[in-house]
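Common to both upcoming complexes is subunit A, partnered first by subunit B, then by subunit C.
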Partner chain A sequence: MNGLWRDSGVALAALVLLLGAPLAFSSPAFEDFIIRLSALALFATSLNLLVGGSGMISFGHGLFYGFGAYAFALLMQRTTLSLASAVLLTLFLAALVALLVGAVCIRLKTIYFAFVTLAIQMLFYSVIISWVSLTGGDQGLQGGIPRRVIAGIDINQQGHLYQFCAVLLVAGLFAMRHITASPFGMTLRMIRDNEARAAFLGIPLWRPKLAIFVLAGVFAALGGILASLFVSGAYPEFADWPFSGQAIFAVMLGGIDSFLGPLAGSAILLALNDIFTRLTEYHGLVQGVVILLFALGLRRGVLDFLRVLPGRGEVASR
Partner chain B sequence: MDLGALVACFASPACVVTQASSGLIVGLLLFLVAAGLTLIFGVLKIVNFAHGTFYMLGAYIAYSVLQATNSYGLAVLAAAAAMAVFGVAFERFLIARVYGGNVLMQLLICYAVVLIFDDLVKLVWGADFHAMGMPEAFQRAPIFIAGGVVPPFYAGLIVLSLCLAALLGLGLGFTRMGKIITAAAQNPQMVAALGINTTALFALVFGLGGGLAGLAGALAAPVRSLSPGMGFSILIESFIITVIGGMGSIAGALLTAIGYGLLRGFGTIGFPLFTDELIYAAMILVLLLRPSGLFGREIV
Partner chain C sequence: MKLEVRHLTKRFGGVAAIDDVTLDFPSGSLSAVIGPNGAGKSTFFNLISGALLPDGGQILVDGEEITGRSQAAIVRRGLGRAFQVAQFFPTLTVRENLMAAVAAHRGQWGDLARRFPPPGARTRADEIAAMLGLAESVDRVAATLSHGDQKLLDIALALALEPKILLLDEPTAGMGPEERARMIDRVQHVWAEQKLTLVFIEHDMEIVFRIAERVAVLCYGRLLAAGTPAAIRADPAVIAAYLGTEAPKP
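Up next, the complex of A and B:
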């Protein structure tokens, strides 16, 4: 129970800090950064529920991010649902899709699991590209997100969008933290480390695997919803594979064995991108060199690295 | 969806020949890329996500060598040789450091190499599209087969790729080196225990795979436009081929690549909008029913 109190405390403190920051100093650039970070961090952390927490390496997690963005934007454009109901309905639909995809994929292991998830994501991507009348094809979904003011919150205003994203980011991370710390999360880590032993202990392997696949899909869709609000629409790039690659990089950069690793990785990745894009036209070159230095030098994520510094002892979770 | 047009095409030999030849060059170019990918995976158990970069660099090197020397043969050889050397260096300096580690670390290193070389190509050759143009040796009247038009370059490319496929298959099956490579794919520890330098062997296989991709790039250059992102789409396509054909199987890669090329060639007439979906659906189906691919061996 102590862990839960501590996590609640951290979450509350983070929320107060994030919501209080604009009162202390008003910086549109900072708010903009947090909005983009919230989408990417939710996506990356949800991916790490699979990669780090369960040993299921998915190359196609962008499917749910893209699905969240398109489903939400379409619901807002084509129906008169309120913001909250559109969000909830999108998450529900994402859960259904994840259930379907997961039921098909979790039978496969290691690299084959990675490939089948990638293939399903690419199938979804090519449907987005060719179903022009619904999705706008490769131009992306245009027309913006209609404004629906509820309880004085107008998400088309940057300040309000910032608060909305900050709350959902903290709430989403808190929920995922709770999932990984629960007995269910422990079960998944046992399956990750030794599947045969878990099976001998009488765990029906498919059940926790499918459950975490669905949960990860739902949180990725939440990230997609935030991204859709930020860009006022949806773009096929959200569901394309380089974007899944970015999330994998964020996870690896921050550390797969630390819960906040993907958050840290997303923040570093976004900051690096912002700086390099401003400095040079060849930001891919610089980013690639940074990745190489990090992959060959640290050999693990930044947070994982900090936790095994001399004097801190070995990481307990692995 | 225009199945009527497809039926009409099948009824006319001219249309069949034209579509089949353009489909075949798509498939056979992909085979050359996929063969390297599948060989590297079969022996090293590494999924080379940077394989498209070899293809791209091969095309650009061939472009520059052709401009400098005006000899397409030299350009192709230079591209293949350069990429073979690059493959060995890539394996020794980067990939060798993460053997046995996390798959994601391998993925990350390849991703970094893709980013770096896409930008280096932009630096050296510029960001806009380049067209190599048809080499002089192939600037002649097209061949007519049953009324269908086949450009001489297409015919040459098809013959050359099929010869290479045969060479590769025979070399792996019947030479000493080929047998060592096949054995290393099954059990590298045992091969090493028998006194064979597997470190050098791994580098060699990576060089061979890289060289094949560079060759494919050089052969594709006259019929494709060159751009810094050109390795990206070829990578996905050759992945599909290796997965469906079976990771590690050269014959599987060849048959799948030809089937894929023909599907593309005729798909543009019958169902241009759904070709991609059909291909991804086929890949999903194969993975579910036979995860090791149509011609592969179970390796996990």
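Up next, the complex of A and C:
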């Protein structure tokens, strides 16, 4: 249980730092960055539960991010549910959707899995674009998120939203860390490494695969909820394929084999965007060059790179 | 446990890869399956272990039919197997490989309530590693093991399931003479210690006739002969089809 204590310590320290930061220096830009980071990092880390943790390369993970954002925003606008109830109901609905999508997809292998998940995401995107009366179509969901003050927390104030996002980011990452470090997480690594062997050890492959597909969908939806709070609504881009691509870039940049890799990758990606959007309209080009550098040059993400540096011996190539 | 195969048949297109094979493997016996390349030996193992569905016939473990069950169900019935090309988890260490297999065997593969490894798994993993002579390699990443150690790890993973019946597909494939001797030594040791019903596929006739109690010969999917090594060596049909005139002298 040493790992659990260590991770709890790290999570607690991170939370104290994040919540304490605004007391030490007040920077709306920093708070803004952390809010956006919390949404993208939860999304990218949940994707890596599938890609790095289980060897299931999904191109359509943005479906759950988009679903989380729209479902939450609509629940807040059209019902009188409290903030917490709306969050929980959104996560529950996301789990149901993931269960349905997963039931169709998980039996497919590699590229077929990737493309069927992508196809289902694009179907969802088309529904958002077409169902204008519900979703606002390509204009996005307007009207804002109504304020519901509970226990003194007003999510429409940036300071309170920052605290809310910081807590959910740390809690979400901690929960995902626990999943990857559990016997269940090890089962997923076995499936990633060698499905045939895992089957002959008596593991009914579809059950752990479907379970992680649903869990990853729920955490992606949590990211979507935070994004919805940040933009006070939802945009179809959340469910569009380039956004799924962003998460894959974040995973690659940060490191597929390190738990915190996707978090680091998300931070780098957001920082690069913020800096280069200000300097040049060709920020997409800069992003592309950086990704090529990592994919072709370094061949692993930043944290994977740090992890093998201090003479930890060989890391098996995959 | 006793393993019985009745009229087992498997066709790929028009070709019968296994054609009406009936064989008994008594509880606690050590048997070899031999035959030329393409005789259907690996298909035979794939049918028994549930990797392939037979077109006809039955497979029984201690009199209970397991034909058509899932691989996982057959594993739970007490049947383990190792592969011609060693199958293991390359990015995990030897100990992690074995601890994961032990957890799977104990039904803890879906456990979310604790951290890996579950209590007791480490001790058990180290016991199994020691049984196969892998004790010094437990902390090594499996992908970096020698070929021979990878084959041993594959067998070790099967043993983590505490099987009663163990199928080994060419345990000495691709090994030099020294590694071969060590492997056979380990296999015999494990068979005796665990009181297993052990069936292995082997091309090295010297090994087969030295250690097997019973030998079955497959040729073009059919059972050519089955019996004691002495009987097989003297069987004219086996000599003509497989052993040739160069059959080892008794």
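Heads up, the rule we're going with is that the second predicted complex is superposed on the first by the 311 of 318 C-alpha atoms of A that agree within 3 Å, B and C clash if a C-alpha of one lies under 4 Å from a C-alpha of the other, contacts with A are read in each partner's own complex, and residues count from 1 in each chain.
Simple rule for what comes next: contacts are C-beta pairs under 8 Å (C-beta built on N, C-alpha and C of every residue); 3 or more make two chains touch, one makes a residue touch a chain.
Since the structure is predicted, the reported quantities are computational estimates derived from the model, not experimental observations.
Asker: Should the pairing of subunit B and subunit C on subunit A count as a clash or a fit in the superposition?
Answerer: fit
Asker: Looking at the overlay, does A:3 come into contact with subunit B only (first), subunit C only (second), both, or neither?
Answerer: After superposing on A, A:3 lies in contact with subunit C but is clear of subunit B.
Asker: Centred on subunit A, what angle do subunit B and subunit C make, from Cα centres, as a multiple of 10°?
Answerer: The vertex angle at subunit A equals 80 degrees.
Asker: For A:295, using the defined touch cut-off, is the partner it touches subunit B, subunit C, both, or neither? Pick first, second, both or neither.
Answerer: After superposing on A, A:295 lies in contact with subunit B but is clear of subunit C.
Asker: Is A:197 touching the first partner subunit B, the second partner subunit C, both, or neither of them?
Answerer: Only subunit C; A:197 stays clear of subunit B.
Asker: Just subunit B (first), just subunit C (second), both, or neither: which does A:182 touch?
Answerer: second
Asker: For A:248, select first, second, both or neither according to whether it touches subunit B, subunit C, the two together, or no partner.
Answerer: Only subunit B is touched by A:248; subunit C is not.
Asker: Can you report the least C-alpha distance between subunit B and subunit C in the superposed arrangement, rounded to whole Å?
Answerer: Superposed model gives a least subunit B-subunit C C-alpha distance of 15 Å.
Asker: Would you pull the subunit C residues touching subunit A in the complex into a rising list?
Answerer: Counting only subunit C, the residues touching subunit A are 49, 51, 70-72, 75-76, 80-81, 87-92, 96, 99-101, 103-105, 108-118, 141-144, 157-158, 160-161.
Asker: Along subunit A, where are the residues that touch subunit B in the complex?
Answerer: Those in contact with subunit B are residues 51, 57, 104, 107-112, 114-116, 118-120, 122-123, 126-127, 129-130, 241-242, 245, 248-249, 251-252, 256, 282-285, 287-289, 291-292, 295-296, 299.
Asker: Which residues, counting only subunit A, touch subunit C once they are in their complex?
Answerer: 1, 3-4, 178-179, 181-187, 189-190, 192-194, 196-204, 207-208, 211, 314-318
Asker: Hey, which residues of subunit B end up touching subunit A in the complex?
Answerer: On the subunit B side, the touching residues are 47, 94, 97-98, 101, 103-105, 107-109, 111-116, 118-120, 122-123, 232, 236, 239-240, 243, 247, 273-274, 276-277, 280-281, 283-284, 287-288, 291, 300.
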